[in-house]
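Before any comments, here is the structure.
Chain IDs A, B, C, D, E and F follow the sequence of writing; residue 1 opens each chain.
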Amino acid sequence: MRIDDRQHDQLRKVQVENNYLIHPEGSVLISVGDTKVICTASVEERVPPFLRGQGKGWITAEYAMLPRATQQRNIRESSKGKVTGRTMEIQRLIGRALRSVIDLDSIGERTIWVDCDVIQADGGTRTASITGAFIAVVHAVGQLYEAKKIKSFPIKDYLAATSVGILSESGPMLDLCYIEDSQADVDMNVVMTGSGEYVELQGTGEEATFSAGQLNEMLSLASKGILELIEIQKETIGILAEKIGNE
Amino acid sequence: MRIDDRQHDQLRKVQVENNYLIHPEGSVLISVGDTKVICTASVEERVPPFLRGQGKGWITAEYAMLPRATQQRNIRESSKGKVTGRTMEIQRLIGRALRSVIDLDSIGERTIWVDCDVIQADGGTRTASITGAFIAVVHAVGQLYEAKKIKSFPIKDYLAATSVGILSESGPMLDLCYIEDSQADVDMNVVMTGSGEYVELQGTGEEATFSAGQLNEMLSLASKGILELIEIQKETIGILAEKIGNE
Amino acid sequence: MRIDDRQHDQLRKVQVENNYLIHPEGSVLISVGDTKVICTASVEERVPPFLRGQGKGWITAEYAMLPRATQQRNIRESSKGKVTGRTMEIQRLIGRALRSVIDLDSIGERTIWVDCDVIQADGGTRTASITGAFIAVVHAVGQLYEAKKIKSFPIKDYLAATSVGILSESGPMLDLCYIEDSQADVDMNVVMTGSGEYVELQGTGEEATFSAGQLNEMLSLASKGILELIEIQKETIGILAEKIGNE
Amino acid sequence: MRIDDRQHDQLRKVQVENNYLIHPEGSVLISVGDTKVICTASVEERVPPFLRGQGKGWITAEYAMLPRATQQRNIRESSKGKVTGRTMEIQRLIGRALRSVIDLDSIGERTIWVDCDVIQADGGTRTASITGAFIAVVHAVGQLYEAKKIKSFPIKDYLAATSVGILSESGPMLDLCYIEDSQADVDMNVVMTGSGEYVELQGTGEEATFSAGQLNEMLSLASKGILELIEIQKETIGILAEKIGNE
Amino acid sequence: MRIDDRQHDQLRKVQVENNYLIHPEGSVLISVGDTKVICTASVEERVPPFLRGQGKGWITAEYAMLPRATQQRNIRESSKGKVTGRTMEIQRLIGRALRSVIDLDSIGERTIWVDCDVIQADGGTRTASITGAFIAVVHAVGQLYEAKKIKSFPIKDYLAATSVGILSESGPMLDLCYIEDSQADVDMNVVMTGSGEYVELQGTGEEATFSAGQLNEMLSLASKGILELIEIQKETIGILAEKIGNE
Amino acid sequence: MRIDDRQHDQLRKVQVENNYLIHPEGSVLISVGDTKVICTASVEERVPPFLRGQGKGWITAEYAMLPRATQQRNIRESSKGKVTGRTMEIQRLIGRALRSVIDLDSIGERTIWVDCDVIQADGGTRTASITGAFIAVVHAVGQLYEAKKIKSFPIKDYLAATSVGILSESGPMLDLCYIEDSQADVDMNVVMTGSGEYVELQGTGEEATFSAGQLNEMLSLASKGILELIEIQKETIGILAEKIGNE
């Protein structure tokens, strides 16, 4: 049994509070166990210079943690005067993943800014960010669609993410919490679509390696978890769910 | 009547969620109308270099807004690579105000880091931050006290803050929301103690000035509001309230 | 008696050297006791992006100290690579104060850059900067007026500033020098117009508080001092003085 | 056939110039087709603060491109004043990969700084960096070993990397050059050991996704390529090769 | 005799590898003894803002060292977040020197970016950079000329540079290597044209001074060395050599 | 005749105000024509890390301009967040020049910080800075000597600097003002000692070159001017003058 009494293939409890903030076009507070992330989607009526005049849109993401989201207080990146390598890796991942299921041609010359701010961290903040950000983007895009600013619904498929890992004593596990993550030999983040295709695989064995067999076990746990996350997304999204992948 | 149907001397609805996060020694989510701020207090077992070896403590504060706390998305200060002048003014104010009611000698060689992160903004974010941060600090200091790491309870008095202002058509008003604030001729932030003493007065008439009479009207509104805020603090703090100012 | 033999309501000796530099449109060297500030006003024939096309002007201020203006050498902000919070607070204050007595519509699409560079510091550098900068701006605006680049004289009133404070042993005092300032319990900067209206009030009790009675005593000292400073401004400005507030 | 007449499972021509520079403890110039990287390994007789006093060592990597390594000149990161997200991702990857095959306990309180400077880029710069950096580290560690500064040879296994990808018209391919990389739907970087274990998998489908079947095809191409790269490493390393994995 | 057995008026061995890289319009790898610099010239079809619309071009240079070009590893300037004073001095010198022999009017509204990246350092890196950069610029300008993008050949004269110095025990010397340079009392960099005119003289006696007589001895050594360097440039440049100074 | 009616070998009017500021150990306001520089020397009782424990001292210099020292307002380097290449070149030159005439062993483990702040610029600011900084350093060192903190007077010789240049129509000239400097084909800064030895020579022909004959004419003008500047230094320094070079 795991530290929090879960089965090795069991997700933590997932909760999504829709429209969590009044200003953004889309926003959720997603909780995956004790990990809590505010995900917002903001629509800006222009695109970055490299896309101007092409009639297509852009999605970009930023990620941050409150200083005391963690056990030990972190120094703010604004105080450091720069964004760390870890933050950059995560925000590039989130943006890239979202762009794989959204038809940028259909959103017109607009940028969707996704902000994932972790207010409490207990492992899996980047995958919770992707799962929550997808819903926030659906809300924001839904507003554009209802206001008839865009003609077709540009979300081609669902998108969710989770972590899997291998602990030397307990074997492969789904959805690692912080303590599990810090003890894992291998850690893999998987991003998948509703139709079961891979979008991103990032497997790392720091001071350890993994075999082809272990890779397959981890991928199979990840599939199971992501399909469950997508069921939760469907319920949360409500009526817009039927538009996804249908236009 | 005001835009949100309040009387000119009426605060917005104030709510405080105690122990909002699991990691910090003290934390609250304070709402003043639609303004929402996560205030945390973190205890670090050392002081900045200029205080080392003197046996006394330090309190410092940081303030930030989520990018989409506001109507228009703000660029993150970490992306800009620097903290703006407005942010620096506010965090210096919060730290200075808290230090006026806390006996730094009694907390030993510790730093209390206060973080005020605005997740939704509708005017008065700096004063809500002070009012909420005071409670978070009481929780954090209470932990030290209960663990017998400090001998006497170092909080000398209550501390709360509000804004007052003058709108050319409607006269002086208490606790401005964003729309009122953006139309005000004069804007004043007042920080006071439970015994009614001033800690900070910051009155500004950008492109306008104010007379001694108007100053007095604003100060009197501020006093009324701050005493009400301190009543709310007392209820929130619970049993620790009786320690404040009594050691 | 005070450390420099002044009465509690007595300003230090104030001297203004007009047109101190050859290049700027307006410049003075102001001395308030041993505090010496070079204040310049530079006219730029364009406005910041947020004002373009509106036919109105802008005034902005920057403040700095030479490294050895002070007892201990300060590290240059250019070497640090950033402007400190204290500097930002002061330059925002100077700009805001000047904008309150100048009709920005009358100066056309121009920016007036005010630079206050402290070459020697003995307390009260920010208030000496405001008092001196006002004169430099009058000179610069006078040039525009004489060259008929602007139609009406845009200075609506005089503007000067001083500090007041409370020392625990000696009570309230006007125009603190550095030693007094470092011993004061309460420190207040007051900016006023020639007609006696407040423009800015910034009262701070770090590790101390102040009562309504003490506030009134300080405000009354400040009024006396500022009116004396404005008399000195009038003499310095000469013939242009009659234009102020008359158009 | 591919743009440069290779088979889909064929590496580009790989050349390694050993001891390319006179100053570093280890250095190579590695060419993989037209991609050329100078890889150096520098030994510093101390570790970062978080490791001091633990008797173990550290390996860290930095990566950069000359401004004109690419078709279009890039702005230097030193001129920008910051390191980009892409660079940070790559240097974190290189360091992490090397640490997986080196016994940090055996190198003592030393840091091995790995520098990978791309002087010419034609795709696959990060994987060429890893393959070359491994050899440079072996040289540097060999010096320590021969000087008897370390007791056992700390390299546990070989390490090499390559890229694989899927082009919509041509299917899966090994070792993409720049043109292939820019047309690929899916791009995956694989880092493996001499014993065929995975160290890192980074698969990305920007604006595309990939199935489990495609993943397997890519992994199998990667294995073939990496084993060939490791043969080249063995030849290059010479006599030290027999020490790897044998202590 | 000198440390490397040279005569006091003898250059180190100079080698130039033409067209060293595939992407830049001009590139060389120049070796002066153990000092090795990759010099590239990149043509950009626009000029900096201060020159736009004037029909003339610009040449600018950047200089950097690989971290392990030197005996001790240097921290990258991109990691420091800023360019050092030494680097700025050198890149300003290289750009200024090149502009003295190139007719900026003849190259049209183009910028030639010169990049000098030291891959191995043994003294004289700035003068080797100038000597090599001149050749790279000739190649790049030759391409423009052959493509008939410019009408006349804009190189007015040859340009090369060397260092001279005085060692207290051995007297004046030509082309100092690193050990000589670190022991020299006086160090002078001289940039000259093919017709023997001075372009730059930078003589420095840190903790020492030099007389008029010593100055003359150093200038005469420098002349001799630079004329030899220009002969090497002529051979390297080949057919384009006859265009220099003839249009 | 020159623009300001000087002979080609005539310096501008030089004035030195001794002990210009109350806080620094040494300070002057030097005027060379309309160029005015505040030069201060500050004594710090420690040395930079690379010199600790060696019993010798250090001299370092910083240089800056007030934003409106010039015809057009300059952006502050603190606002830009970095020091420009020009500033770095100048402050390195000033420090290096001063170190050549001061015996660092005799000042003990102290740093002398020299600050040259240009309050008005009309050409020759770097050479005026050196000439003025020398006097400020003599004052600061004199204080140490009188307080018997150092045993022997560490100034070995006088040090002054001037500029010379060649204007195409008027030939070689001494001490260029801004207009002359901006029209000059060749510009040379010369730093010399009281005994007529060179300390620094920096000759530059941007978009022009100069012959050996022109070099000699310029050097001879520079010698004449520097000897006159040293006479002015002697008068200013007063009684301490007899110590220079005599211990």
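Heads up, the rule we're going with is that a residue touches a chain if its C-beta (ideal position, glycine included) is under 8 Å from a C-beta of that chain, and two chains touch if they have at least 3 such contacts.
The structure presented is a predicted model; accordingly, all values stated were derived computationally and were not measured.
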| item | value |
| --- | --- |
| Graph distance between subunit A and subunit D, where chains that touch are linked | 1 |
| Shared chain contacts [subunit A and subunit F, defined touch] | none |
| Farthest chain (mean CA position) relative to subunit C | D |
| Duplicate of the A-D contact set - from D-E, C-F or B-C, the pair where over half of the pairs recur | B-C |
| Between subunit C and subunit A, distance of the C-alpha-averaged centres to the nearest whole Å | 52 |
| Separation of mean Cα positions, subunit D and subunit C [Å, integer] | 60 |
| Subunit B: positions in contact with at least two other chains | 81-83 |
| Chain order, ring traversed from subunit C with subunit F following | C, F, E, D, A, B |
| In the complex with subunit B, residue positions of subunit A that touch it | 21-24, 27, 34, 38, 40, 42, 44, 62, 64, 66-71, 73, 76-83, 87, 113, 115, 117, 119-120 |
| Contact set on subunit B toward subunit C in their complex | 82-86, 88-89, 91-92, 96, 99-100, 104, 188, 193, 196-212, 215, 219 |
